[in-house]
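First chain A sits with chain B, and in the next complex the same chain sits with chain C.
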Partner chain A sequence: MNQRNFLFAVLLLATYVLVPAVFGDNNYVMGLIISALIVAGIAIAWALLGNLGGMVSFGHAAFFGVGSYASALLTMKLGWPVLLAMPMAGLIAVLFSAAMLPALRLSGPYFALAILAYAQIFRILATEMDWLTQGAKGLSRIPTLPVLFGIDLGSRSGSYLVIVTLLAAFIACYAWVRRSHYGTALRAMHDSEQATRVVGVNSVMLKAWMLFLSAFMTGVIGAFNAHTINFLEPDYAFGGGWSVLPIVAAIFGGYRTLSGPVIGALCIYLIDQLLFKSLLPTGHQIMLGVLLAAMILFAPDGLLPLFRRRHA
Partner chain B sequence: MLELANVTVQFGGLSAVKDVSLRMGSDEMVGLVGPNGAGKTTLFNVISGLVKPIHGRVLFDGVDVMHEPDYKRARLGLGRTFQIPQPMHELTVRENLVVAQRFGAGRVDAARIDEILELLQLTEQAGRDAATGLALQELKRLEVAKALATEPKLLLLDEVLAGLETQGKRLFMEKLREVHARYRIGILIIEHDIETISSLCPRVVVLDFGQIIADGTPQQVFNDPAVIRSYTGVEHA
Partner chain C sequence: MAELILQALYSGLLNGGVYALMAIGLALSFGTMRVINLAHGELVLLAAYMAYVVESRLDLSPLAAIPLAMAVACAGSALVYLLVARIRKNRELNSLMLSFAIGIIITNAVLLIWSGDIHSTGSVSLQEAVQLGSLYSMRSELYGFLASLVLVTLLWQWLAKSWYGRAVRAVSSQRDAAKLMGINPAKTELISFLVAGLLAGCAGVALYSSSVIQPSLGHALTVKAFIITVLAGVGSVPGVLAASVLLGITEALTVTLWSSAVQELAGMLLFLLVLFVLPNGLFGAARRRA
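And now, the complex of A and B:
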């Protein structure tokens, strides 16, 4: 085990034990942290697609929403156990992301627009297909996470353990891909796709895998969210916030790093909820937009990396 | 093992390649010459799958590869370099070779990479950033090294010798002969300099306005009146 992995393990253990030990009794704080980590999960998936796949997505709400609805429906209509429905929801999000494959041939801005439109289509579908989704009325009483090995995963502390585990798995997976030969080839593709193809790299396929991986992660996070809040409606599940917040978070924390999206999500979500929301109760998302625009202009690599460099 | 049959490429109203048919064996070292704009690079692009001809076929090892995408042709053993070097950006020199080997040859063999680096005198530069850390001649050698790392059966070299002074050229030619003999791969090389191509290649193919106007030994080809005409036309242009 090298130093980095060791540090990661220690940090993970502390995260598992310390946070519930300190805040476990405070439902409000635990709720805030869990919500921030949900954003962190999408932010990791978004950063993976952007960093490794070279694609900027404004449509992760689509995968999030599909995952939420898939898991809710599997458990409610087919009686699937929640812990089985969640990974399945991830796979269903992958299936739906396959509809994006033709867009992979589009270059940057066109891909971004295509995926934006794609997310809107799903919101409309979820509203219109009311025989399945109960339309705008929404789904309520979605089953909660079960009790496992004597731990009630449906409780705040239990849910916290689940989301931290998911994030750790995502980060490990992201790190593995990035370090592998696939990661090297993906890095090469960004600026020299043709040069990479003529040495045998199937660049479209590799990008597709990154899209699938990202959609899977986002779908699972959506499913987790559905089972923790137990209620869904199309405008919520496919809401633009699920696309925008993770982007702001990832860019804020540094989307090129593994930890950036997580740290960014914690900062941004808490700033949004505790500061912006109290300043501007309605439309506080506007502040996020302003923050994002400012960061893209002044610190495109993120604020935290900037900070780190200054103090290095 | 490479066979082109009636290949025609059209760019808008321009026929860049006209009805070209060509065969070459796996043990051959063939020179491809012709004036600027003759269609040499376009022919390479057809062979490696970057340009689709409107007519004709490409066979490699007896297999029709017309419907194989570029990356599959690389895996089948068609290695190429670009006239204007295209290193894989954001990677080091060594990583360029590792990606080429892993995906083009389907295996990982660090010793072989070291060997290629050594052969092309890139050992010292192995850790450098390929896009920004190399001089033009080093980039050209990296082009060859990348192609070699895919373990090709046929190597398409697009003007890798251009711009070298006499001594450097002689050295590079020696390397190419070594590559040809050691790895037993066919080489099709584009080169403008008649003297160079004559000393390197027992067989020369001349392309002019997209058509093959001569094919034979350097002796035969460069004494052909049609070739002389096309060449002098360019020299004095």
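And now, the complex of A and C:
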């Protein structure tokens, strides 16, 4: 365990210091890495809901979009500081996710389809409420991240540090929930929800907490994205890509592990951007679909556990 | 105003007929296999594009595409079944993701082959206005509704009377007991997916002849079909028909009284209301959806 902690510290140091030191001057590479980490953030939130909550979500774009619009509007219309608006955007995403609570009482497929429908609804709302969101025209000139302790968080390297910190916090939180007695109860629920209920676990409540946590993480990531690209429109912020990419990433890396979603997101995003998009500029998502189908059929636990089993 | 509302009710009723064709297919495959086919709407869309191909390339009426559309949707549905049946571990969640992936593949394949443009039929006779009292519709809408009434009745009779129809119901209610009674569950499941494909094929042609199609539509169709199955509750063919008409009318009224952009919202609100108030659906047997 000590050796693992040491390895972890080395890895953390490398991601914080080495990556910006090596690639810091190359805006293109840093941009790619930041985008991949944004997908990784959603993938972690998705995997938390899928692994601990036992629920498959096809609509994380809804939380992502709500988070990005909330933070953009808070900073632009009410003049909130960016770093305060981002966690608030997470909370607003949680508030919106509460609309999904009735679906939690139902079994897996119902939740999955309900959330699919919600993502559509939020996109329509963002388009139609143009007095607030400026509709399909979109919001431009969203404030960038501020300068903090002499570091310009709005620069590529600064944004990189922010997203890495967010991911580290998410993973720590995920690991804590998994270890805590909530995690134990959730694992038991996975085996038999009825038996777990009988011993006095409020399973719907636990699932709701996982949904809230997942929505919060995704909302914060959405806010971060809004402040780094400084532009939003409904079709972009609520786009299906924000739902599909994280799923493929988490499944690819292994959604039952902590590091799987991050490694999966780095692989999938880079493959998608550098390979699939250059092969098929319009329908490149078809490759993601093929990849996802192949993973489910041949390696549903992801590639990481597959390698581990081979080497064990 | 009263006339407009009456007209909306009529259009909604006709639309609801086509929705029923999609929703019954989804409910049927869900019933036997406990698997929601998230690619179902995409299969309907694929069938609609078959009608487009037959009309634009062969210069025939979209109605001539029905056999081709049915064949394609059936083949797609069977493929979904065969792939989903291969899943051994954690079938409920993995089958959702697999059919979701198939949906993405179909949507993007349609986008790659036929581009993102919107298409609708050019047939004059199908688009001709038909008057019924003071109410108007396109001829294709009326045809679609009548065809769906016939198909739904046939399906209802098939489920109630025929050997395979009864096998489908038996597998839906108790898979293991059905097996003991000499029913082959795998074959029955395949048949339910094939029937779902047939209905999806007809729904696709009806969709193309009475409205516009585009690649991203498949997703919305799946959601619609699902909303209807939730509204209807499990295990009732007339219930699905009634719920489809209810959704069609709600959407049509929203368009008339508010705006066409929020049409999808109306269905969702209806859906939420039912989830909150009547978790077993409007017509479902009083049992838990597990």
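Keep this in mind: the second predicted complex is superposed on the first by the 306 of 312 C-alpha atoms of A that agree within 3 Å, B and C clash if a C-alpha of one lies under 4 Å from a C-alpha of the other, contacts with A are read in each partner's own complex, and residues count from 1 in each chain.
Going forward, a contact is a pair of C-beta atoms (placed from the backbone, for glycine too) under 8 Å apart; a residue touches a chain by one contact, two chains touch by 3 or more.
Keep in mind the model is a prediction, meaning the values are calculated, not measured.
Student: Superposed on chain A, are chain B and chain C clashing or fitting side by side?
Tutor: Fit - chain B and chain C, as placed by superposing on chain A, sit side by side.
Student: On the A-aligned overlay, A:Ala169 touches which partner chain: chain B = first, chain C = second, or both, or neither?
Tutor: neither
Student: Touching A:Arg197, do we find chain B (first), chain C (second), both, or neither?
Tutor: first
Student: On chain A, which partner's contacts cover more residues, chain B's or chain C's?
Tutor: With both complexes superposed on chain A, more residues of chain A are touched by C.
Student: Looking at the overlay, what does A:Leu275 touch: chain B (first), chain C (second), both, or neither?
Tutor: neither
Student: Would you sort A:Ala185 into first (chain B), second (chain C), both or neither based on which partner it touches?
Tutor: Only chain B is touched by A:Ala185; chain C is not.
Student: Given the touch rule stated above, what does A:Ala103 touch, chain B (first), chain C (second), both, or neither?
Tutor: second
Student: Answer with first, second, both or neither: which of chain B and chain C does A:Val22 touch in the superposed model?
Tutor: neither
Student: Applying the touch criterion given at the start, work out whether A:Leu13 contacts chain B, chain C, both or neither, answering first, second, both or neither.
Tutor: The answer is neither, since A:Leu13 touches no partner chain.
Student: With both complexes overlaid on chain A, what's the closest CA-to-CA approach of chain B to chain C, in Å?
Tutor: Scanning every C-alpha pair, the shortest chain B to chain C distance is 9 Å.
Student: Contact residues on chain B for chain A in the complex?
Tutor: Touch residues, chain B against chain A: 48, 50, 69-72, 74-75, 79-80, 82, 86-91, 95-96, 98-100, 102-106, 108, 131, 146-147, 149-150.
Student: Which stretch or stretches of chain C touch chain A in the complex?
Tutor: 30, 35-36, 38, 83, 86-87, 89-90, 92-94, 96-98, 100-105, 107-109, 111-112, 115-116, 219-220, 222-223, 226-227, 230, 259, 261-262, 264-265, 268, 271-272, 275-276, 279, 289-290
Student: Provide the residue numbers of chain A that touch chain C in the complex, in ascending order.
Tutor: 50, 54, 56, 58, 99, 102-103, 105-110, 112-114, 116-118, 120-121, 124-125, 127-128, 240, 244, 247, 251, 280, 282-286, 288-290, 292-293, 296-297, 300
Student: Quick check: in the complex, which residue numbers of chain A touch chain B?
Tutor: 181, 184-185, 187-188, 190-192, 194-203
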